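Note that chain A is present in both complexes that follow, paired respectively with chain B and with chain C.
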Partner chain A sequence: MLKKYKPFLRAGAIDTMAYRFNILIWAGITVCEVACLVFLWLAVYRSGAGGMDAQIHGFSYREMISYVVLTTIFNFVTFNNDTLWNINTDIKKGTIGNYLIKPISYRGKFSATCLGSLLTMTVMFGLPFYTAALVTLGSLGFLPELSFPAFFAHLGLFLLAGLCAALLNDAISYIFGVLCFYTSSGWGLNSLKVTLISFLSGTLLPLAFFPAGLRELVSWMPFAGMSQNPILILMMKYDLAASLRCVALSAVWIVVLELLAKLLFSHAVRKVTVQGG
Partner chain B sequence: MRYVHLYFTCIKRSMISRLEYKKDTVVALFSFFFSNLCSLAAVYFILQAIPALAGYTLAEVGFFYGFSMLPISLDHLFSDEFWLVAYRRVKDGDMDMHFLRPVPVIFQIFAETFQPEGFGEMILGVALIAVCAGQLTVSLTVGALVVLCVGAVFGAVIITSLKVAIAALAFIFKRSGPLLQIIYNFSNYAKYPLAIYPFFIRTLLIFVLPFGLFISLPVDTLLTGAHDPWLLSLAIIGAAAVFFALALWIWTRCERRYESTGS
Partner chain C sequence: MIEVNELTKVFRKPIRGNGLSGMVKTLFSRQYEELRAVDGISFSVPDGEIVGYIGANGAGKSTTIKMMCGILTPSSGSVLIDGAEPYRKRRQVAQRIGVVFGQKTQLWWDIPLIESFKVLKEIYQVSDGDYAERMAFLGEVLDITRFLSQPVRTLSLGERMRADLAASMLHNPRILFLDEPTIGMDVLVKEKIRLAIHALNKTYGTTVVLTTHDMTDIEDLCSRIILLEKGTILYDGPLNRLKNRFGNLKTLTLTVPADVRAETASALSPELAVSREDGRLILRFDADRLPLEQVIQYAFRDLRAMDMKIAEISVGDVVKTILAQQEAADSRADAARNNGGKNDAEKV
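For the complex of A and B:
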């Protein structure tokens, strides 16, 4: 049943490989960017009321630096997603018609491409980057030292949470992509999506910094599972029970969002105007 | 003169085609305000947790932030099409038509879009500056005013030049959008006083990706009088000239490498 999606999985992987030179430049410059971020946070902690070693909203400066470094790697490896733009192009160029008459699901095609890309990125870049980061941060004493079983349990849950994050991201991109059926153009929707995710997922800063009410609300949304929660699982700041709860919440959201996407698509597809072709 | 006329004709046409996507324009405007609100909220939340950032109060950091929006918005008005070139247009082989017209390609790209959202950004920046300045007690000298104006205008020239140069790399590598995005993101770190960074990052932000040169340093001149305003103005204008010339040179060299997709 799933066999027919294999070509798209492969295509996602190959497409990611094709731009590996870009990706290398990206990696080089990102190191500088992370350095800027790290020093920004160091300045914040140095200016803190309790001095350098005080915690701010439950984060020591060591944890904050680990958080920044790991979030950057995580976003790079996990969110390689062109779903919104591809839908937008399919609508604009009318190629959407080709997919509607083929015996595969339009949605399934994007999920497969997303997984292929995730797999390639995780093996090619995730493996070396995460290893380097964990070894460095760990030997600096920035991460807690647990027993082997506990560490591998966290690592396993982190990989699972990462998979959920990629699927959540793809589902949200797909929903915003389908909204392009109504607006006929993807610019505004894309920038709305990017802002929403980077603010509410804890990429910009951990949700612990938000005022209490907002924080509580956001913690029930799907976004925290897309960046903050996987990272805090990897940093072993959540215990196993809390980690499991996070993954479960993400899984529930994936189902909800996929259902929403299905409903939306069946409504939107009636609005299709194939422009010339 | 012919080019001025041509520019306005093109812009008029692009505005008309833009109006075809009214709903998207509304979403774009909303998301633009929302994204500025989010970044501001992030800065606010962080500064809530500490008394002052390296001796700079919330109002002062807000002033840095507001001022940074001026050069960024000016650039945003005129050169938005280069994002498309970097991300998609070269990769999709969508540039053929520009090479067939008897006008320089780079001019056509400038004339392709005019982003009125930039005005929104500018208004937001000015408002933030006004709010923060109201809580500050600094005396505005002529020198400081000059260096702020120079920073805003020539800063925009530097941003545009960086954008042109990196978008041009797409002619060689097919897609330079992600790279452009990262370089552009460095402007986020110049929205703070440079004093919080160690020497090598300050060097990077003044000499290599000089967002700090035209954002942080001019504001510092106003707030603390740390730099000579006239010398700094000269340095900014000089840097703008160098970056602009370099960008043109890179663009002309790279555009020869364009290959159509043949589809």
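For the complex of A and C:
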């Protein structure tokens, strides 16, 4: 049954590289962003009461810089996702009909494309970027002393958490995309999605900086699993048990969101009106 | 087997105000207008039949097709494709049907045509053997082999349409829905498409539902016609019966000497309608009531005809007449309603 989706997996993998120039520019911008964030955090620590040795919400400046660098790479590699826009286009141009008359699930098509694109991004960019970042940060002494079996266990869990993050992001994009059936426009929904995720996933700030109540609430939501948790697993800030819990929580959320997406789609598809003819 | 039962589709359209103030108003309150695109139609199509689904623009043809292939969900009533409702059992039905929308391609724009076919092969799980056989058949009847390696965007409209048809037939669907497959095609391409539909129907026993505005398509392909107007069925039956709906109408165009006048020419029978156009005499009559040979004899002997052309009424003429009658009846009904001082425009 899954064989049907192979062409979409392949298309996701190939199309990601079709806009090579686009990706390179994006990579360049990302590097500048990281540089800004690094200097921002250095300034914060320098001007703080405890100076450079202070811990702010459990983060030393070394950890904070590692966190910022790794999160940025992570977002770049994992969230290469056009699901929302593709659904929006399908609705606006009426091309959704082309998929509704084929014996495949509309959702499955996007999952396969997402996995294909994740594969390409991980091999083409993830591998060199993570290696460079880990080697540099490690040699500067920013990362904890590596003990090899433990590191590989964390690396394995990190990859698993990364896969979960990509699937969570795709599920959320899909749900927001399906909401375009009701609004007929994707702009507002996309901004909402991007803002929600970048705030609640710990991309802007680790969740440790949030007030206690909010932090507790957000830690049960799917967003932390999309950025903060995978990185803290990689940095070995979480022990193995905590890491496993994070991955398990993400897996549960994937199931919940997919069910929600299914319900929403079966309602929304009745609202399809293909214009003209 | 297609069964359509009391099928209705109502679209709700927001009524938008004009200008800036109208726009601001629509932002806060919305009035809706209901459009009954398809209004309680029923029919069934047995396996292996080719049905022409015709009607004016906006009659509801495409809306019906979209409900039959599972894109749109009916407002009420039902469609059954081999016993399954396409909008509920979407994937199951999709495997059994093929669809072509003449106005939109379903092929992947940027990749070579053959790659599109390979993707479809995987999506529909066509076995290697079936794929080879089908490609050979389609390559022959639709003549697509020549441009298989070209990206779809570089194909001409005629080539693209043939490619789209081939794509819809690749998985050997039991039922084929063709929504204006000959739109914008030249006569040769139209011919090729008709032959292909015939060949498919003969070889695989495929049921075909075809919408078109080209009456030649209908006369060449369809044994049965469903005529739709404003969402309701005006006629459903064999092509011949539709043709003879107004009798066995014939038109004789005669070249006659200048002194033969239209008034004297109609002396033969009150059944004969005569007019003079561009120096020619046009005789119209129902051949079932006034035998053709009698009129021909009369034309040569009494009217001293030098040349003659006989034409029978075309399906197009009949459809035109039915639609015109319907429109006249509608406007009479509207006028009667307006005189009663009522305005029935449905507003919610």
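Criterion: the second predicted complex is superposed on the first by the 274 of 277 C-alpha atoms of A that agree within 3 Å, B and C clash if a C-alpha of one lies under 4 Å from a C-alpha of the other, contacts with A are read in each partner's own complex, and residues count from 1 in each chain.
In this text, a contact is a pair of C-beta atoms (placed from the backbone, for glycine too) under 8 Å apart; a residue touches a chain by one contact, two chains touch by 3 or more.
Values in this document were obtained by computation on a predicted structure and should not be read as measured data.
When both complexes are superposed on chain A, chain B and chain C sit side by side without a clash. For chain A, the partner that touches more of its residues is B, with chain B and chain C as the two candidates. Judged by the touch definition given at the top, the superposed model places A:I29 against chain B, while chain C stays out of reach. Once the two complexes are overlaid on the shared chain, A:A153 sits clear of chain B and of chain C alike. Legend: residue contacts after superposition of the two complexes on their common chain; A:F39 is shown touching chain B, with no touch to chain C. Contact with neither chain B nor chain C is seen for A:L244 once the two complexes are overlaid on the shared chain.
When the shared chain is aligned, chain B comes close enough to touch A:G188, but chain C does not. By the touch criterion defined above, A:V272 lies against chain C but remains apart from chain B after alignment on the C-alpha atoms of chain A.
Here's the short version: in the overlay, chain B gets within 5 Å of chain C at its closest Cα pair.
Listed in rising order, the residues of chain C touching chain A in the complex are 11, 62-63, 66, 69-73, 87, 90-92, 94-95, 97, 99, 101, 103-104, 106, 118-119, 122-125, 179.
The residues of chain A lying in touch with chain B in their complex are 19, 21-22, 25-26, 29-30, 32-33, 35-37, 39-40, 43-44, 46-49, 56-57, 85, 182-189, 191-192, 194-196, 198-199, 204-205, 209-211. By the touch criterion given at the top, residues 3-4, 6-7, 94-98, 100-105, 269-270, 272-274, 276-277 of chain A touch chain C in their complex.
Touching chain A in their complex are the following residues of chain B: 20-21, 23-32, 34-35, 38-39, 41-42, 45-46, 48-55, 88, 173-176, 178-179, 182-183, 185-186, 189, 192, 196-198, 201, 204-205.
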